[in-house]
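Sharing a structure with you now.
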Amino acid sequence: MEAPRFAKLTLVTLLAATVYAGPAAGQAESIKIGVLTLRSGPMSPIGDDIIAGIETATRMQGPLLGKPVELIVEESQWNAQLAVTKATKLVQQNKVAAILGTSTVEALALVAVADRLRVPIVTSNSGGAALTRQNCSKWVFRTNAEDLMSAAALKQVLAEKPKLGSAKWFTLGHDYPYSRLVAKTVQGVTGGNYVGEAFAPLDTTDWSPFIARVRSAGATAIMMSITLGTPLLQFVQQANEFGLTKEAQLVAPIGLPDWLVAKLGPLSTNIISTGSWAAWRYEEKNPATKQFNEVFYKQHGRVAGMQSLQSASATMMVYRAIEKAGSTDPQAVVRALETIQVATPVGPLKFQPGGRQAMVPLFLGPYEELKIPRYGARYAQLVEIAFPASKSLPPTGSDAGCKLK
Amino acid sequence: MDINFLLANTLNGVVYGAFLLLTSLGLSLVFGLGRVVNFAHGALYALGGYALIVVMQQSAGYWLALVLGPLLVVPLAIAIERAAIHPLRSRPEIYTLLVTFGITFMIIGALEYIWGTGTTLVEVPSPFAGTVTILGNPYPVYRLVAAGLSLLVSATVFAFIQFSAIGLQIRAVTDDAGMAEAIGVNTKWLLTAVFGAAAGLAAFAGALGAPIFAIHPDMGSGILIDSFLAVILGGLGNLPGTAVGALFVALTKSIGGGYVAEWSLAILFVVVAIALIFRPTGLFGRGRVA
Amino acid sequence: MRVTRDIGKLVPLATATALLAGLPFVGVGEFTITLLTEALIFGIWAMSLDLLVGYAGLVSFGHAAAFGLAAYSAGYFAREVMEDFFAALLVAEAVNVLVALVVGFVIARVSGIAFAILTLCIAQVLFTIAVIWRSLTNGMDGMVGVPLPKIFGISLASGTAFYLLTVFCLVGVYLALTRLVDSPFGRTLQALRASEERAASIGINVHLHKWLAFVLSWAVAALAGTLMVFLKAGTTPMSLHWTESGNVLVMAILGGIGTLLGPVIGATVFVFVRDEFTSRFQAWQFVFGLVFVVVVLAFPTGLVGLLNRIHGLRRRTRSAGEFPAVIKRIRSSLWRARL
Amino acid sequence: MASALVVQGLSKSFGALRAVENVSLDVAPNQVHSLIGPNGAGKTTAFNCISGFLRPDVGRIWLNGQEVTRWPPHRLASAGMARTFQITKIFSELSVLENVALAARSRDGRNLQMWRRANHCAAKEQAEEVLRTLALSARTDSSAGQLAHGEKRVLEIGIALALRPAVLLLDEPTAGMSSRESEHIAALIRKLSSRVSVLLVEHDMEIVLGISDVVTVMTQGRIIASGSPAQITRDPEVQAAYLGTAEPEFVS
């Protein structure tokens, strides 16, 4: 290529870049909230639930500081690199007051750039403990329970349920650091009853080699640290196909989203969850849950799943904090988040003193068929135990290893 | 871990291998015939799954849908061939890979748009819902049936290629396209037809595997990589080689998966890499792959 | 005469560089600069792929390996040892060149589809290692906490500073690579693309040339990986995944391979289009795939080819003497109709 | 004077097919040595073995007295053996000049220079000279792919010549040419033999008999006769072999 053409082509590119300004800034008076989540691919029903929960919470909120709230949803593909770009877009271009949504891998990536973004990020779908422990950031809060909290809950369940306590345990997971943590926990809790573990490559579709492995180890309880979504559906289906569900109890280390439970149908009754972040049937104990469920059902025509309840709780905390701060000044909102307590669909929430993890309860129990379908759901988790944060979380952030600057 | 475990996973490997052969055959045929590296093969496999659902929603039974569904995919594949692959005939074969890469995105996007991103479980069809005891453990009957059907269909394809007049033409073109054209074989027509048939095979596999692997828009990406490795190992365009390649890939995944779980894929890739270094045209390939 | 010709070529390049570098100062939006930084880094990466695909004729389907490996080594070094950009770059270059020397020596034996699949295998093996070697990489959660880079002791805290660094790197790589492809070595690579057998028959050591091209390509990609890990403050195994390798191939082909500048334009268009599409459409994959299919089918030479064609058309229009009389008449009547 | 190229006991099989069996050749300096035979006689296989593109199963090869058995093609080329291909192989996207210059640079060991500009090399002058010799100067800057078929064949010889070889292996240089073009090539080969030794595979009997110093006849992988053109035409075995196959075999 001749050099003069370089100049011309560069000019064209530059023009294109300059013309590109993105969507107009919108109404100046509205308060903008960014939502970063998955919108395509087999896992996107989780993203749909997150967005739906935030929408309902926003509708219930109405105007904030006298201004309408505008939600700006961005696709992150659950990809750390893209999430950083999209978060930057939300901050630099849309001037959002806070960012909601995000999974562990995205939240961790955002922690790394949080000091550059300077915006409150409240995640409701990230299990990775490091996020609010050694990697904690002034800007990043979490409302759902982290992995170590679920691990503490597991101990309790094993103590209370002798059938599980005496079972021979096997951990089967995808090769995420999270799965390793779950395996370590299960091994620690079950001791001599731990018969093995296996970590499948991330795109495993045929689980038969792993089912053979579980059998060969003689397991009677399987901790499934398998990605919530298609892979878990595939595994449970195949475990049933092989008759494994008759031999062993399936246990999920975190709750199953309700759309997943609906897909599993009767298969779901083979599963006990030891660490749900939320359960809509908590409405029997908590009026805030019931109130939210009804609005949610009216708006979306389906039951509010775990991710919806969690994201709604995070949203409510952000709105309360903005109200308390009296502005969307990021520093002020962060300070307000540190001190507020809010009645949310998962119970009254506040953040750990000196930390970034919400003092959120866990909901434990098996999945069962409902005698009377409710909110369109025919199968749902029974809340046998609501496990308070006081039993699972160190009292302060610094006890948990979070050192805030 | 005892010998029973090894045998159980060998069986798992053979069953998956039979299934993989179905998807690999079409890939291999299309490459041999028209030097088309069909990256969209996985997406066509996914289309088969959705075609199954569509037909079943018309209150057809599983078995009827298994036959009719894939037939819906064939005309679409033929349209794709005419519109996007045929115009690339005079260009290097790598362009077919690129264009089918784009088509994959289009198909997945369309599936998500039309049927949503969710996963659909398909019930194991009667009368094969139960298990039989093999090696002292229950084994799903349907997997055995699906493997048997896969082998049956594959064998039919082999026989067709080997003994029919069209099969002879296909072999002639695979051997030397220029020569075959010189003696009057219409390679253009042949490629279009074989592309359609290969898509039908992939779609059939998608429908057949649905009760095991479930249906979702991205379901083809895993099987695509496995099939590619099988075809590459066996030698592009070499059908018996493809059969061996499929079995090899499946056994590595299942036996490797059983013993060294998280490393199993890496081992598979290393083995394929070593095989390619010493035999760039595949273990059973002939001549040069340019 | 040679000197003046070189200067003649340098002037437009300098102008373009100045324009590009001036963007942040003429009111271009903050996020546009952020996105452009990302695009130009991908541009460097796509250029490194172009050296393989467009010049040596070796289609790599695992070029993410070169990018991700550099990102991990530079990021780890910056986080654990020192934040200096050039030191981290040096480490990434060393790791990439070392790995490319070993890996390239073996895979330079093959070509065509075998080469594409082998590179894919290498990238997937690196991907698995990144997932499993948790003590170094933190597995699928990704390596985070890479600090802002320092240059000569000054931290690049602002987006503008980082952008300028990227522009500087891009122009440097472009200059070096244009020089390289015009050298005897570059021409020899093009000969390999046409026919390896023919090249061997005139005494060219085909294996050695492919090997060197591979190493050079990985060395250039190391720069892109280093910039990216600093920009994103971390990386994950997904940066090594085959889908990323597919993306960079799309960028290069979209822009036009064998042109060096094309892949940069391809990367820019890719990044901006993906950003818009993912923000606007839920079925963005369909639109994205459609655009790609159309480009491959209708513009085999990519966007650069398209621009060149428009440019060529205009030039031909100007010297109307070349036109047959009929076309001239049609053209003049069209003009009248417009007036 | 020592032979330019000696081949001794060369054999090559593909599975059960014995493509070349015990072939020995001796090409004297500045001679045109032709290799003829019906299709499938093993001429091209022998050619590929000699030029390093195939590994012979058995046999040894000497180039200018140096043993070069099993050398890779590029090393053979550097040692002074140049070849052309039956199906034209040129660098079609590069200019005619660049095609030849590549070979000239390769001979000088300059391929690996990465910083110099290719156009500023001495190789350019050498390449221009080769093009002048071949009367291709007018097409210097054309893209090689745009040449007419005959011109491409000539260019291929030009690429080989730029290596300044001691031995030139030509694989059917007149394939697909008009008779006038063929004559032109024949004259060229004859002229070249004052500078290099030529091993020629050719179907056009008129050319072979007209320009060869020695003719070797192969059928089914074996040599059945070798000698001057006059001796060959009289050889009963050769006549039998040729009468056994239809004449059109030799029409190119």
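All chains are identified by letter, namely A, B, C and D, in their written order; residue positions are counted from 1 within each chain.
Methods note: a residue touches a chain if its C-beta (ideal position, glycine included) is under 8 Å from a C-beta of that chain, and two chains touch if they have at least 3 such contacts.
Small disclaimer: the values here were computed from a predicted structure and weren't measured.
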Minimum number of chain-to-chain contact steps, chain B to chain D: 2
Distance in touch steps, counted as few as possible, from chain A out to chain D: 2
Per-chain Cα centre nearest the global Cα centre, belonging to chain: C
Dominant chain pairing [most C-beta pairs in contact]: A-C
Chain centre separation (chain B, chain C; CA means) in Å: 33
Distance from chain B to chain A - Cα centre to Cα centre, in angstrom: 36
Length of the line joining the C-alpha centres of chain C and chain D, rounded to whole Å: 41
Residue numbers of chain A (touch at least two other chains): 40, 175, 201
Touching two or more other chains - residue numbers and ranges from chain B: 109, 112, 225, 262, 265
Contacting chain pairs - touch in the sense defined above: A-B, A-C, B-C, C-D
Touching residues (chain side chain A, partner chain B) in the complex: 40-45, 175, 198-201, 203-206, 208-210, 212-213, 215-216, 229-230, 233-234, 237-238, 241-243, 259, 263-264
Contacting residues of chain B [partner chain C, same complex]: 37, 84, 87-88, 91, 93-95, 97-99, 101-110, 112-113, 225, 228-229, 232, 236, 262-263, 265-266, 269-270, 272-273, 276-277, 280-281, 289-290
Touching residues (chain side chain C, partner chain D) in the complex: 2, 179-180, 182-188, 190-191, 193-195, 197-206, 208-209, 212
In the complex with chain A, residue positions of chain C that touch it: 8-10, 12-13, 15-16, 19-20, 23, 28-32, 34-36, 38, 128, 131-132, 134, 138-142, 144-146, 148, 178, 228, 232-236, 238-239, 259-261, 264-265, 268-269, 272, 275, 278-279, 282-285, 304, 307-308, 311
Touching residues (chain side chain B, partner chain A) in the complex: 1-2, 4-5, 8-9, 12-13, 15-16, 109, 112, 117-121, 124, 131, 137-140, 142-143, 212-214, 216-219, 221-223, 225, 253-255, 257-258, 261-262, 264-265
